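Each of the two complexes below includes chain A, the first together with chain B, the second together with chain C.
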Partner chain A sequence: MGLLILMALNCFCVMFLNKKDQTVAVVNCFGVWSAFSLMYWGGSGVSRESLSELFCVDIYSSSMISLSLWICGISILVSSCMTNLRGVFNSYLILVTLLCFLLVQCFMVNTLAMFYVLFESTLIPLASIIGIWGGQIERVPSIQYMAAYTVGGSFPLLLIFTTMEVHAGSSFMWFISMKTTSLNWLFWGGCFLGLLIKLPAFPFHAWLPKAHVQAPVGGSVILAGILLKLGGYGITRMMMLFSYTLESFGILVMSFSIVGSVYGAFMCLRQSDIKKLIAYSSVSHMAFSIMGLFSCTEVGMVGAYIMLVSHGFISPGLFVLSGINSEMVHSRKIKVMSDGVRAAPSLGFFWLVMIMANLGVPPCPVIISEVLSVVCVIALYPWVFVLLLMYFILSGAYSFSLYCQLTRTKKKIKMKVFFNEVTLKDMSALYFLFYPLAEVLFKWDLWAMM
Partner chain B sequence: MQMLSMIVFLVMSLMASIAMLFMSSIFWVWVMTDVGTLFLIPFLSAETRPKKSWFTGVATYFVIQFFGSVMILGGIILDWAIEAADWSSAMMCFGFALKLGMVPLHFWVSRSFVYFHYGGIFIVGAGQKVFVVACVPLFSDVPLCAYAYYFMAVGSMVYGPIAMFNAIAVKSFLAYSSVTHTGFLVIGSFFGLHIVYAYSFIYCVSMAFLVFMLWSGDCKFMKNLGSELPGYYKTGFVCIAMSFSGFPPFLDFCTKFVILQLSMEQDSTITMVAILTSSLINLIVWVWVLFIATSSEVKEPGFLSGTTGQNVLNMSCIIWNLFMGAGFSMLY
Partner chain C sequence: MATFLRRTCRLHQQMSGARRYIQRHSLRFVSTSDKKESNLSIPFTPEDIADETKRKELHKRLEEHFKDEDLNSPKNRIPYGYEENVPEVDKFNYHTVWWFWFVIPVIVGIAIFNFSLNDYGLRSWSEREARLVMEEREKKGLPYVAKNYIDPSKIELPSEEDIEAWDVKIKI
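And then the complex of A and B:
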């Protein structure tokens, strides 16, 4: 609760600042809030500082809260450098701050009903961001896709918590274990469908590439950085609430995820649009989180959360780079973006680092997550290793292909770039995304303290 | 003078409708319904620039209401004369469904609404319907009629948003929105009159805001909504659209959630599926409307840029849609 009060008070103070200073002030506020949220990080169990009537936080919640605050700050930082945000920039500040406020509450609430309300409410600011600052007329269908998939998929969850409210009198998520013998596929499907769509899990991923392509850079940063993680967090809470164990439903979901990871990597190979490529790579990476979560092992849980948090920094980093690069050449086509890399060679270096991080090259924490998730899945059925091997090959292939296309030197036509300098201010968002990855690397066993 | 006569006839119609709520006999309910409808005719016909089209719309409305009343009266007389409860209930069910404009007897709604003025759309689409819904007998003695009435309401809930998608004119859009909400009202009546009164109040206030904003911009076609809707009302319109989309924590989500909860308590699976289906289609429709309304080629005045009255109305609309949901949930 203290964090929310601090956020509200800071926002109130920022309102009285000069419009030019508000952007810097808000970014600094996000930094302060992120630091404040570290207070909730404790040992295993519930954080004593967070305990109240409405809210309850443990290590999973607190890591997501800190990630939300950090990513939303990065989103504002990167958007302030972009020239494609038309209209009043302050509206963007308000929407992002509101979205962050809703997200933080979503990760803190202790009832399923409030979690659902906040889960759906986060769609409103994001849809507004895409609708106002989206690139093309196709942003309307992309918003409709996103809304229909998310809201439609979570209708069964609405029924479930309504049933809890009606029959049990409460949908309190903590310290309640509702065990019944009548639990079956329909129930588990209802519990997890909306959250799997949010992640997004194969085959419910169709909305993500459309949303990413139409969203501005800041919107993509938030969507990839934190909004997808809502699904993973929700799955954790639902498993905790209903004492989910390894069941046939979970094995089916894991099977789809394994296929989804290979599918995502294959689709990445075929893409010429950088944002769609990053979107499909998100589908691949989230598949590992799903595998880890549904394996119902501590190792799997640790692997899943390492992936969720690491991906929360790497994917926005890729979007930041694609935003800077595409602004230089006014195109999202990978082949055209190579002109920008040639004009600003430092971009080539950053692309290399982010692509390697995305691929899972050590010392990036993604490799730890992938190893742990693979261990969990192979423990169930060893021959799955063949599909996972295909994924590793394909992911290496698309990463290598992307880097080669971006940095190719042979060009017949004279290059056209709109500016050929990338300053420290442009790259500041990227630097702030590198640092937390190092933290995750050194503290990767944080989620193991159960 | 024209405005005064409109107000007088409207008040008389309202009085008849309120009196209808206190009638214990179905015959007097029928009388008051017809009296209310008759007083609405001059109100609907009143227009500062009379055109043939207004009378066409009112004529359609009057003929349909008259036919519906004939069916209801026929049913009453039949029951009184030969005590044929089945046929009587069937005729009354048909009559009330026709008057309310429920699927599949909704064909007149759009045809009439297109020719009404916005005040008429609000009164016929929201005001009059809530009184009629509150007074309709639920045909519990004839299960076939009760099921028919129920399924017509379910059909209205599901069909309405689909038809809204195809609406070209704003008034046609409002007509099908009215069909959808009529379905919700009738479903609510199966759970108790208290939910009908609560939903009616919320629906009428929300529709009043929506209709007033559309009237102030003289909006005709959906595709021109962005340019015709006044800039100082756009924020309020966005809130209404988000509310009608069914996004929590806006008001319309809370009201639909209450009906969903009641249907769950009654183990009414069909109602739950219908509510969810309707909500999903409604969401897509209103996202589309939201986009159209907020897109404009001309730079417009923004939030709080109108007169004091306009700003007050805009803020009231925002507060109503944003915060009344929580209030309603706490009170209910």
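And then the complex of A and C:
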């Protein structure tokens, strides 16, 4: 609650600054809010500061809250190219701050009904961001896809929460516990479909590449960094409700996610558009989170959350880099972007670091989550290792291919490139997205304390 | 019929080719940034480097541009990216962003994660639990650590005849 009051007070103070100073002031506020949100982290259970009548925050919520504040601040920091594009930039600040406000509340609320309302309400600011600052005319169908998938998929969830409120009198998630032994896949599907679409899980991922391609840099950063994690968080809370008794439905979802990881990696191999490639790599990484979450084991939950948090830093980093690079050469094609890397060789180094982090090269925490998720899945069905091996080979292949295309392409297209297109501000944003991974690496067992 | 099919296929091929041509040669983004027309940067193309005459011209332009090595002159200023026109505001914003995004989170984060997390690793819980168990075992007269967790005399195992009737599956 204190965090929300602090956010409201800071926003009120920022309103009285000059329009030019408001951008940096809001960015700095997000840094302060992120530091403040660290108080909510509890080593085990909940902390004294994280409990109130309306909100209760444990390790899963607090990690997502800190991530939301960090990512929303970064999205404003990297959106300077949008000041010249169209519209009023201050409205972008308002939309991102509103979106962050909704996200923080979403991760803090005690009742599932409020969680659903806030979950759906995050769609409106994001659709506005894509609609106003999106690159091309195709942004309209991409918003339609995103809205249809999200709202349509989560409508059964609304029915379930409404039924829960009517019959049980409350949807207070910390007290409700349902044990069901009857196999009713319609019920399980209704509970998890909307959340799986948000993650996104194969085969409900079609909206994500379209949304990412049409979104501006800041929109892609928020979408990849935190909005996808809403699905993972929701699944965690639903699991708590059902006391981890999914059984066959969990195995079905895990099977789809294993295939989805291989599919996502394969699609990355054949992409020429950098944003689509990063979107499909998100699909394959989120598949590992799904495997961990639906394994109904503690090891799986730890692996899933480490992936969610690490991916929340790495994927926005890739989008920031693609934004910097594509702004230099005015194209999203990977081979054309190599001209930008040739003009600013430091970009080649940043691409290498981010691609390696995305691949899961130690000491990046992604390797920990991949190992834990693989352990969970193989404990159930050892033969699944064949598919996972295919995934690891394909992910190495597309990462290597991406780096080679960015740095070693023979020049066929003549492009004009300027040296001063890469600013220290963008480099700072990349660094701010990378250094928190060290904290995730050293304190990865925090998520194992529940 | 055959002619119709042939014409349709050819038309489809031409449309696909036209679409591929447009995709390859159209610009995806149009920058409206003022930086493009700025005289603070020297634009170059790959031809400028490949062709010897053009390379010499580019050298001349670069030498002319960097003749003035005064780092404090506005021409040679490397902006931080926050403010193009006022260097002091640009530097101030750069430093404030680093302060609020690196210094404060690192200090506050280290302080919280190392000194004030709520029973990190369940260490104080395990110490309390150990003392309670030790007290209980002292009252019962048992050793603190025993080889058997449960008293073996209290365990009732099924007989060999009972086990024979059961279908036991051992999964390795």
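Here is the rule we use: the second predicted complex is superposed on the first by the 431 of 450 C-alpha atoms of A that agree within 3 Å, B and C clash if a C-alpha of one lies under 4 Å from a C-alpha of the other, contacts with A are read in each partner's own complex, and residues count from 1 in each chain.
As a convention for this text, contacts are C-beta pairs under 8 Å (C-beta built on N, C-alpha and C of every residue); 3 or more make two chains touch, one makes a residue touch a chain.
Because the structure is a prediction, the values reported are computed rather than measured.
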item: First (chain B), second (chain C), both or neither touched by A:L38; value: second
item: Contacts of A:G152 with chain B and chain C, given as first, second, both or neither; value: first
item: Contacts of A:L93 with chain B and chain C, given as first, second, both or neither; value: neither
item: Partner chain in contact with A:I278 - chain B first, chain C second, else both or neither; value: neither
item: Which superposed partner A:I124 touches (first chain B, second chain C, both, neither); value: first
item: Larger contact residue set on chain A - chain B or chain C; value: C
item: Chain C-contacting residues of chain A that also contact chain B; value: none
item: Complex contacts: residues of chain B adjacent to chain A; value: 242, 245-249, 257, 260-261, 264-265, 272, 276, 279-280, 283-284, 287-288, 290-291, 294
item: Chain C contact footprint on chain A (complex, rising order); value: 20, 24, 27-28, 31-32, 34-35, 38-39, 41-48, 73, 77, 80-81, 84-85, 135-136, 326-327, 330-332, 411, 414-421, 423-426, 428, 432, 435, 439, 443, 445-446, 449
item: Residue ranges of chain C in contact with chain A within the complex; value: 27-36, 38, 40-47, 78-83, 93-94, 96-102, 104-105, 108-109, 112-113, 117-122, 125
item: In the complex with chain B, residue positions of chain A that touch it; value: 116-117, 120-121, 123-124, 127, 131-132, 140, 143-144, 147-148, 151-152, 155, 158-159, 162-163, 165-166
